[in-house]
Amino acid sequence: MSARAWALSIEDREKLIQAAFEAKEGSYSRYSNFPVGAALLAVDGTIIKGANIENASYGGTICAERTALVKAVSEGTRKFIALAVTSNVKSAISPCGMCRQFIREFCANDMPILLVPADYPQEGKVKPGSSAGGVVETTLGELLPMSFGPEDLDLPRKLQ
Amino acid sequence: MSARAWALSIEDREKLIQAAFEAKEGSYSRYSNFPVGAALLAVDGTIIKGANIENASYGGTICAERTALVKAVSEGTRKFIALAVTSNVKSAISPCGMCRQFIREFCANDMPILLVPADYPQEGKVKPGSSAGGVVETTLGELLPMSFGPEDLDLPRKLQ
Amino acid sequence: MSARAWALSIEDREKLIQAAFEAKEGSYSRYSNFPVGAALLAVDGTIIKGANIENASYGGTICAERTALVKAVSEGTRKFIALAVTSNVKSAISPCGMCRQFIREFCANDMPILLVPADYPQEGKVKPGSSAGGVVETTLGELLPMSFGPEDLDLPRKLQ
Amino acid sequence: MSARAWALSIEDREKLIQAAFEAKEGSYSRYSNFPVGAALLAVDGTIIKGANIENASYGGTICAERTALVKAVSEGTRKFIALAVTSNVKSAISPCGMCRQFIREFCANDMPILLVPADYPQEGKVKPGSSAGGVVETTLGELLPMSFGPEDLDLPRKLQ
């Protein structure tokens, strides 16, 4: 939301957004009928795509953002520049809390997260809180303030 | 964080904080050695306690906040006034993203969430961001801004 | 499935089954429309009830069996004699894998698990694999053979 | 366990096992110190690798088997021939219940699952329950009997 100097070039931004739309094609969302696509830009310039993969047990469901992250991390890519997320909804949809926590493990608080509406690029006047094309630009720190993270498990503790 | 007119009386606040400490006694945290206690104040005045229950599969672990919520909700209590969380760490520990999302299902954005240090009440000067005794007072809306919630699943969607 | 000498008296069995039906009333299953109830019999004779509590993120969903277990364990009850599970489906529905793993943390392999059809007690001839009233009687060991459990995390490991 | 006519050639079996070992290199398991690797053989002959990716929240952890599956499924690969899993433990380690449920969504009950010891190939006499090299050969149906699956959500239900 706050103004921010993006490390992301216009070309990279656009490529990442398009990758999120492509990623959505891989969704397995037969229970929610709510396909989501996510795309991660790694520091080495590669883009890793993910989609939501649901499960009959509901609780087993893995979202698009976590799919993209486990793909990347399990192949040794652990530093990221930006994340884009899109769905079939005409407003920008935000990662669930579980995904925010999962992103937290690997990404900096100021990493840009682009929430992309299904009808991107939206025409006309840019709405408050959005940037060009109707994208809501936020960061992990904005989405998960005062977060619990890896370093908290190392804090000194009272004897039980 | 922001100044807020609490619906919570000083007595209820103290009772809720003490319940979070008691709740922590029920923790099963043999893998993390990080016991957490949570206490929910329901609109009918009852307090429901929860502790983190871990699992050898790690991914199966259920946090204190979610334990308190499923206890309450499965018994028909679905309206809450406040939540308090504490651990053995001398700083205020915040709910993980998964719990924030779970709280989101049942609680209003302005519901107070009290993050209570292990050595509550802390003596001396109140630190910035804290209130009396070292408690950090926040809300669900502050912890999970721009959240994805039940109503998002009902939004009109682009044809796939 | 195999014949087994039940530790469970007929009275306790019936009380546990009825508790599972009552537990189902507490279900919050607006996404699946699939309410489930579970009831745990503890060694001290108490019965702990649980219902499935769903979440807009799907992945955050907690099943009835896990709800019952976290309720019990967080209050210090950690030894169990039997579990009963029921739903609105006229055949016996079995716990998901996540719940089997969660049960594994606290229950013995030979603990009876009763899968109760919605129309219990079913009239007429007992079907193969079922016992009186149409209940399928199984155990954790049958549902989760060769399981991964707490002791596996203590096995000696090859240096990485 | 049971004798079975493998669709899996000796070459494919060996390639899959080696892929599981390679996959383990991608593990992010700083909390459990228990790296796991998994490899899926798809019907088109490709092998998809996964490793466990842990999370400070513990409950957010995603196992190797699920990592491999979301990688494959999100890229359109949804039919599988076999799965191999390995860890740093000198005995064959089995998938957790959560993973068994996740596998259930996409794989047939008779799909071979190979549990591979860290010191594969083990020398000497083949132990009971194992096959060449110390591998335990099982199937999804053996690991998750009487499973709850997608079709159960479509069963006719009693009116609530």
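Think of it as A, B, C and D in the order they're written, each chain with its own count starting at 1.
Just so we're on the same page, contacts are C-beta pairs under 8 Å (C-beta built on N, C-alpha and C of every residue); 3 or more make two chains touch, one makes a residue touch a chain.
Chain identities (UniProt): A, B, C, D = Cytidine deaminase.
Owing to the predicted nature of the structure, the values given are computational and were not obtained by experimental measurement.
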{"item": "Partner chains that chain C (Cytidine deaminase) and chain D (Cytidine deaminase) have in common", "value": "A, B"}
{"item": "Fraction-based call for chain B (Cytidine deaminase) against chain A (Cytidine deaminase), same above half, different below", "value": "same"}
{"item": "Intercentroid distance (Cα basis), chain C (Cytidine deaminase) paired with chain B (Cytidine deaminase), Å", "value": "27"}
{"item": "Whole-Å gap separating chain A (Cytidine deaminase) and chain B (Cytidine deaminase), where each centre is the average of the chain's CA atoms", "value": "25"}
{"item": "For chain B (Cytidine deaminase) paired with chain D (Cytidine deaminase), centre-to-centre distance based on mean C-alpha positions, whole Å", "value": "36"}
{"item": "Residues of chain A (Cytidine deaminase) touching at least two other chains", "value": "31-32, 54, 56-57, 60, 62, 96-98, 101-102, 104, 148, 152-153"}
{"item": "Contact graph of the chains (line, ring, star, complete, other)", "value": "complete"}
{"item": "Residues of chain A (Cytidine deaminase) that touch chain D (Cytidine deaminase) when the two form their complex", "value": "23, 25-28, 30-31, 49-51, 53-57, 60, 62, 64, 66-67, 69-71, 73-76, 78, 98, 101-102, 104-105, 148-150, 152-153"}
{"item": "For the chain C (Cytidine deaminase) and chain D (Cytidine deaminase) complex, residues of the former touching the latter", "value": "32-35, 87-91, 93-102, 104, 115, 118-119, 136, 138, 142-148, 152-153, 155-160"}
{"item": "Residues of chain D (Cytidine deaminase) defined as touching chain B (Cytidine deaminase) within the complex", "value": "31-32, 54, 56-63, 96-98"}
